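For reference, the structure I am asking about is given below.
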């Protein structure tokens, strides 16, 4: 398992190479890439981060995912700093013997990354700056997962 | 939208490049790669295919997915012919403005590809050849999706 | 009529496709299966497990009662296992 | 005590982190927030919307009643919006 909290961009090909070094014994690989959505007039997105806590938190999220599904290796990259529209923000790669395990775990990890890992997004427009607020709908996804585990 | 039924291997980097030419307006990209699982003593996997029907069927699956979720471009590659353990079988790339749309659509498309697109897998061992049978659990996934749409 | 066979059905019949003259009284896929099974032991063997066989007419999945005509491409195959 | 601030809280306080001597009677995060708000208008403004602020002690999310000590790293931030 590998978690990379970084200002640097990632290259999918290289990330997959590193991922495959960890294991080749998976029949299923699910990948999710989150990017800065090119909203109208958006100049850039600033992502603030608490790196030490992010590392711990993401590790704990992946451990919970491993307890729920049968997973091989996991690779997560989350960027912070100043990003432009269409820039990469986050990458989650999950190998498993079973496609539904790799896909469900990917969705689970993304849902928790979004609302419980210490990152904060600010949208920067020419005339204003807006800290994005946590969405009720994102929190509801966490409740759904917690309901499922009861 | 692009559907490629082919004997050739695919290269993820090139596929993503082609995919990105179609549109860059997505904040979320979900990718699924299915490979030949390296079962013990498995020498190769033969995938039989009805290409003309596969093309039609996969097109119709993606159209249903588009009616259910808000999706940008979709790229699907499904191989047939003789494959070795760890070889790529299938690739599904889906762009969307919303991560849950791209992820759910990817799972939906994979579920239908698996049980309703005209491909048939045969496992080849040194001493026997086994046509894989359709799994009850895979069919149940389709019933689940159909139940959801009612 | 153009017939196509896939997976283990093609292996038993030992052909992937063929063109056959079918008597005009054969109107449905079910009748076609019965007809083929009656003219040759190989077809009979291939179509034995009728419940495990699916049919497509012109690349669209249909059931046994589907009407067929000379110009159609009929395909026979087991349940799909791709992905 | 090491204090860290993130997102708009860091902007209001105009610092990302600082080390402060905290009176020994301050035992919980909630008391710390009240104390900081009492000594300076800037903290008061930053911590005004208390319901919108989350706390971590040594990189673990906690609630207002969490006990804190001199050696701890305390972080203040709004609800997370990463991913």
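Order of writing sets the labels: A, B, C and D. Residues in every chain begin at 1.
Operating definition for what follows: a contact is a pair of C-beta atoms (placed from the backbone, for glycine too) under 8 Å apart; a residue touches a chain by one contact, two chains touch by 3 or more.
Fair warning: this is a prediction, and the values are worked out from it, not measured in the lab.
Traced through touching neighbours, the fewest hops from subunit A to subunit C number 2. Centroids built from CA atoms put subunit D at 49 Å from subunit B. Computed from the mean C-alpha positions, the centre of subunit C lies at a distance of 73 Å from the centre of subunit D.
In this assembly, the C-alpha centroid of subunit A lies 23 Å from the C-alpha centroid of subunit B. As a whole-number value, the distance joining the C-alpha centres of subunit A and subunit D reads 26 Å. Residue positions of subunit C with contacts to 2 or more other chains are 83. The multi-chain contact residues of subunit A, meaning those touching 2 or more other chains, are 34, 99, 110.
Of all possible chain pairs, the ones that touch are A-B, A-D, B-C. Contacts from subunit A toward subunit D in the complex involve residues 34, 47-50, 52-54, 56-57, 78, 89-90, 110, 113-122, 131-134.
Within the complex formed with subunit B, the residues of subunit A that make contact are 12-13, 16, 24-38, 86, 97, 99-100, 102-103, 106-107, 110, 141. Those residues of subunit C lying in contact with subunit B across their complex are 4, 6-8, 10, 56, 59-61, 75, 77-83.
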